[in-house]
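Next up: some structures, all given as C-alpha cells.
Heads up, the next two complexes both have chain A, just with different partners, chain B and then chain C.
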Partner chain A sequence: MMEEELRPAPNRGGDKETRKGEIETMTQNLSEERAQDSGGLISLAGLNAFYGEQKVLTDITLSIARNKITVFMGPSGCGKTTLLRTINRMNDGVRNFRVTGQVLLDGTDVYSPEVDPILLRTKVGMVFQKPNPFPISIYDNVAFGPRIHKLTKSKSELDQVVRASLEKAALWDEVGTRLSKSALELSGGQQQRLCIARALAVKPEVILMDEPASALDPGSTTRIEELLVELKENYTVVLVTHNMQQAARVGNSVAFLYKGDLVEFGPADEIFQNPKNPLTEKYIRGVL
Partner chain B sequence: MKAGNSRRRLVDRVYDFVSALLGSSALLFLFMILAVLAVFSLPSLVVNGLNFFTTVIWNPGISTTLTAVRGFPAMSGASYGMLVFFSGTLISSGLALLIGAPLSIGVAIFLSMIAPKRLSASLSFFVELLAGIPSIVFGFWGLLVLAPLLVNVVEPVMAQYLGFIPGFGGPVYGYGLIASGLVLALMIVPIVSAISRDAMSQTPIELKEAAMALGMTNWEVTRKVVLPYAKTAIVGSLVLGLGRALGETMAVAMVSQSALNILPMTVYYPINTLSAFMAVTFDSALTDPSGMEISSLAELALVLFIITTTVNIVARLLVRRGFISSAEHLVQV
Partner chain C sequence: MRLMDMGLDQLNSLLVEMAQLSQSAVSASMEAYRRGGKGKEVKQMSDRLRALHRQVSDLSVEMIARYQPVASDLRFLKACMEISYGFFRYGRYALDIAEVLQVFGDLSKCDHESVVTTAQKTQEMIRMSVDAFARRDVELARKIPSLDDAVDSSYRDNVKSTLQGKGDVRCALSSMLILRYLERIADHATYIGEMVEYISTGVEPDASPGN
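Right, the complex of A and B next:
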C-alpha cells in the first residue's frame, strides 16, 4: 500500500535536510516495504529525531504488530521514551524537537499535515511512568476523555463506559463502590491502573506505556504486568522499560535501543536467548 | 577568658532583643495606626453615631456657630455621612475586578501556557514594570486620554444602544464610574496576572501530559486541568487586586469627578471613593474650628483600613492555601 505518493522529503526540519531527505526516502521505500510485509499496525520507517542539533534517534525502522506487546528496551538515555512519544506526537510541543522519516499508523503517516494530533491521541492512548490521575473523583478521571470527546450520549452510557474501562483495567472490584472518592486516595498501583482505565475509556487501538511500573512496588508491578498481557487481546501495546525481566515476561517482540540506534529487533525469545548483536548480548548479561 | 565570654553573651542578648523588636515592628505599626485612627475618630464616632454609615450628605456646616453635641464641639448644620464614598469605593472596585479579572487571567494564560519561554519572560518583565508605575501617572492617562474618549465616543454609544438596561441610560458626564473602574482595572492587572501566572505554571507537567495524551486541545488542557488546579491562588490574587483597588487614591481622584452628596444612579455618574475624598478634603478639613470634619475623615480612614486589611488577609490566606495545596498534591502523586 503506497501512501498517495511518496513525499519527496519527509522533512520537518528545515531546508538543510531536504537533500539528505531525498536520499533517505530512497532507502526508506525499501524499509517501508519490508516493514509492511510483516503486517504491522504501526511501522516506523527511517525515523530520526532531534532536540535542536542533537540527534537522539537514528534511522529507526521497525514494525509493531497488532494485538501484541512490543517492548522498547535499553539503558537510560537510549531514546526509547522519545521513540515511544513520536507515535502519538507527544513531543510536538517540545521546543526544537523534530523528526524526519515516517511513523505509519495503519498506513497513514502520523506526521503528515492532514493528521490531527488531537484525533491521533484518541486512537493512541498513553500511560506514563508516574501515575498521574487528575485530582478529582475516580469516576470523573475515567469519564474525562469520553466527556471531552462527547463519546457518550447519556449518563447511563457514560456509566457503562466507566465501568467497562475500570473492569478492563482490573480495578472495578476495588473501586466500584467508591467511584466518587478522590483518585488521590488510591494506592500508587491503583492510581496507575486508573490511568490505564482512563486511557481505555477513549477507546484507543494502541496503548503506549512509558515504564508504567517503574514507580510501583513489586506486587503492583505484577498486577500491571498481568494486566498488560490481558490488554493485548484487544489492544496493541507498546511498552518502554529498562527492566529486562519485565521485557522478557510480557514482551512478544523486543527492540533493543542503545544511544539512539536500534541495535536489534526481533521476537522476545530470540533477543533474550540468542541475541545476534554483541551489544544486545552484553546488555542482557548486564555488563553494558 | 571569662570576662570576654560574658561580654559576648551580653552582645548576643542585645542582638536577640533588637532583632525581636525590629521583627515585630510591623505588627507594632499596624496597631499604632489602628490606635491613632480610633483616637482621632472618637468625636465623630460619638457625634455621628450610626448615622455616619447611612447618611449621603457630607456638609461641615456653618463655621460661625459652634454648638456642643454630646460633649464635642460641632458646627451647626453639620452632617457627616460616608455612603457616597463607601458605595463609590465598592462599585468602582467591583467594576475594576469585573474588567480586570478576565484581562489578567488572559495575560496569565498567555504567559504560562502559550508564549514561548523567552517571550514569556520578557513580557512578564513588562507586566511587572506596570506595577511600579505611580498611580498618579495612571491618573494622568485617565484624565487626558481615557476620560475624553469615554465622554466623546464610548459612553454616548453605550447610552444609545444599552440604554434599555437599567443604569445604562441617561446623560453622559464622562468622568466618573466607568473611567475610575477602567483605570483601576489596569492597575490591578500586574499583581493579579503575576500571581495567577505563577500558580498556573506550577501545574505539574504530568497532569498536563495526561490531558494531552487523552486528545485534549491546548484550550481544553488549560480549562479542564490548569485553571482548576490554580483556582484557589487565582481567586486569592483577584482578592489581592481588589484590596489594591479599594485603597487606590490618586488615579481615582483624577477621573472620578469627585461626586459629593449624590449617589450614582447610572454608570455614567460621577463617583467618589473613601481614599480619593480624603485626599482632596483633608486640607480644608484642617480649617474646621470644631475639628469635627477631620475626625469624620479619620473615621473614613478607619473604615477603609478595616476593609482593606480584611480583604488583604483573606487574599493572602487564599493565595497561600492555593500554593500549599498544589504542593501537597505534588507530594501525593
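Right, the complex of A and C next:
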C-alpha cells in the first residue's frame, strides 16, 4: 500500500544520508587534485603588454600550477593568446611589442637579459592552432629540435627520443612503421599530435597550446583532449581556448580574460558552476 | 533570447504547475482527514505529479545534452530536478495519507488535534517553499527550517505516546502514520528551500550528518 521512496529523501530528523552525485569527470576528481596542488611553476606578476601605444594586457597576476592544465579563456581579442605567448617570449619578434612586470619560470624572470629565448623555448614548448608540421618526414619533424639543440649523442639515442616522443603524443601506433613518409600525408589530427611530439622531443617542462583542437573534427579533438590529460602527469600545460566545454573537460584551473584584464581565476569546477564575477557568469552563459 | 531560455521557461512553467498541484494534493488529503472523507481525488493529483516530474527530468537531461549549460543555468537545472522531486513527493505523501483514511475507515472519534496542528505547520512550510521558488526568495527559503523542528517533535512525541500503548489502536496508528508522512513532507520543504538558495547563491545544501 505505502510506496517506498524512489530514492533516499532528505532526512532532517537524524539519520541523514550524505547526498552524492556531483559531476566527476572520467579522468579526474578536481577537488582531490586541488588538495594535492603541487605549487606554482610559473608566476605572472603585474604583467602588462603593449603593441606600440596600445595596452593589451593589464596588471595580470596569477600562478600556474605544476603538472596541471591551466586554461586561458575569453572572447576574441581579450589578450589570451598574447598572454600565452609572453610565457616563452614568442612575441619578441613582433614589432613594437613590449611587456612590463614579471614572468617567472621556476623563480627566474624569463625577460631578464641573462635568459636566452631560444633555450627558454626548449623548456617552454608551444603548439599552435593550425597544425604546422615541416614539409619533411615524420621522423625528421620530431628529430628537428633534438638535432639543432644537440640534445642527443648518437643516432640510436635520437631514434629513442623520436619513438618516446611519438608514444607520449599517442601517435607511435599509427606512424611507427612509416616514419620516413612525409608529415604532410598525415590527417589534421595526426599532424597536430606530431606537432605535440615535436614539442616533447626537446624535453620541455611546460607546453603552451593555442587552440590546439579548434581546426580538428570531434574525434581528433577527443584524442587531443585525452592526450592533454595524460601529458599533465609529466608536464605543465597552459591551454588557450574559447571552447568552454573543452576548458571544462580538461582544465584544472581557468583564467577568464576580458579586454586585457584578468577577471577571474580559479578551479575549473568553481568557474563553471559558480563563478564569482558577473562578467564571467555572462561570458560562459553566452550572454556577454 | 537564447535557445536555452525557451527550455528554461518551459521548466519553470512545469514546476509552477507542480507547486500548485502538490499544495492542493496535501490540502485535499488533510481536508479529508478533518472532515472524515476518503481523499479519493488525491490519487489523480499524485499521478499527474509523477508525470510532471518525469517531464521535468526528461527536459532537464535534454537541455544538458543540447546546450551544455554552465553557471546559474546549470545550477537552475540541477535544482529543478531536485525541486521537482520534492513536489512529486508532496503529492505521493498526500496519497499515502489518503490511503490511511481509506484503510483505517472512520476516524471521527480520534483526537485530531496533534495531527491538525502539525499539518498546519507542514502546509505553511509547503506554502513557503512554493513561494520561495516562485519568487526566488532566498530570505523566505531560509525561514523554512525554523518550522521543521516543531514537526519533527510532534512526530517523535506521537511515537513515544503510541509505544506506551494508551488509547485506541486505530487512532494511534493512523495518527502516527499521518504524522510520519507530514514529517517527511516537511523535510522535502526544507530541502526545496535549500535548493532555492542554491540557485541564487551556488551554496550547496549541507549534507553532513545531523543536518
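Note that the second predicted complex is superposed on the first by the 250 of 288 C-alpha atoms of A that agree within 3 Å, B and C clash if a C-alpha of one lies under 4 Å from a C-alpha of the other, contacts with A are read in each partner's own complex, and residues count from 1 in each chain.
Keep in mind that, in the parts below, contacts are C-beta pairs under 8 Å (C-beta built on N, C-alpha and C of every residue); 3 or more make two chains touch, one makes a residue touch a chain.
Bear in mind that the values here come from a model prediction, so they are computed numbers and not experimental data.
Novice: Per the contact definition in the header, classify A:Gly286: touching chain B only (first), chain C only (second), both, or neither.
Specialist: Only chain C; A:Gly286 stays clear of chain B.
Novice: Of the two partner chains, chain B (first) and chain C (second), which one does A:Met244 touch, if any: first, second, both, or neither?
Specialist: Second partner only, chain C.
Novice: Considering only touches as defined above, state whether A:Ile118 meets chain B (first), chain C (second), both or neither.
Specialist: first
Novice: For A:Asn274, select first, second, both or neither according to whether it touches chain B, chain C, the two together, or no partner.
Specialist: second
Novice: With the two structures laid over each other on chain A, which partner does A:Lys153 touch: chain B (first), chain C (second), both, or neither?
Specialist: Once the two structures are laid over each other on A, A:Lys153 reaches no partner at all.
Novice: With both complexes overlaid on chain A, does A:Arg95 touch chain B (first), chain C (second), both or neither?
Specialist: A:Arg95: touches chain B, not chain C.
Novice: Which chain A residues come up in both lists, the one for chain B and the one for chain C?
Specialist: In chain A, no position sits in both the chain B and chain C interfaces.
Novice: Quick one: in the complex, what on chain B touches chain A?
Specialist: Spelled out, the residues of chain B in touch with chain A are 116-117, 204, 206-207, 209-217, 220, 224-225, 229, 329, 332-333.
Novice: Mind listing the chain A positions that touch chain C in their complex?
Specialist: By the definition above, chain A touches chain C via 1-3, 5-7, 9-19, 244-245, 248, 272-275, 280-281, 284-287.
Novice: List the residues on chain C that touch chain A in their complex, please.
Specialist: Against chain A, chain C makes touches at 2, 68-75, 85, 89, 92, 95-96, 99, 103, 145, 148, 152, 155-156, 183-184, 186-188, 190-191, 202, 205, 207-211.
Novice: Would you pull the chain A residues touching chain B in the complex into a rising list?
Specialist: Spelled out, the residues of chain A in touch with chain B are 88, 90, 93, 95, 118-122, 125-126, 128, 130-135, 144-145, 148-149, 184, 191, 195, 198-199, 202.
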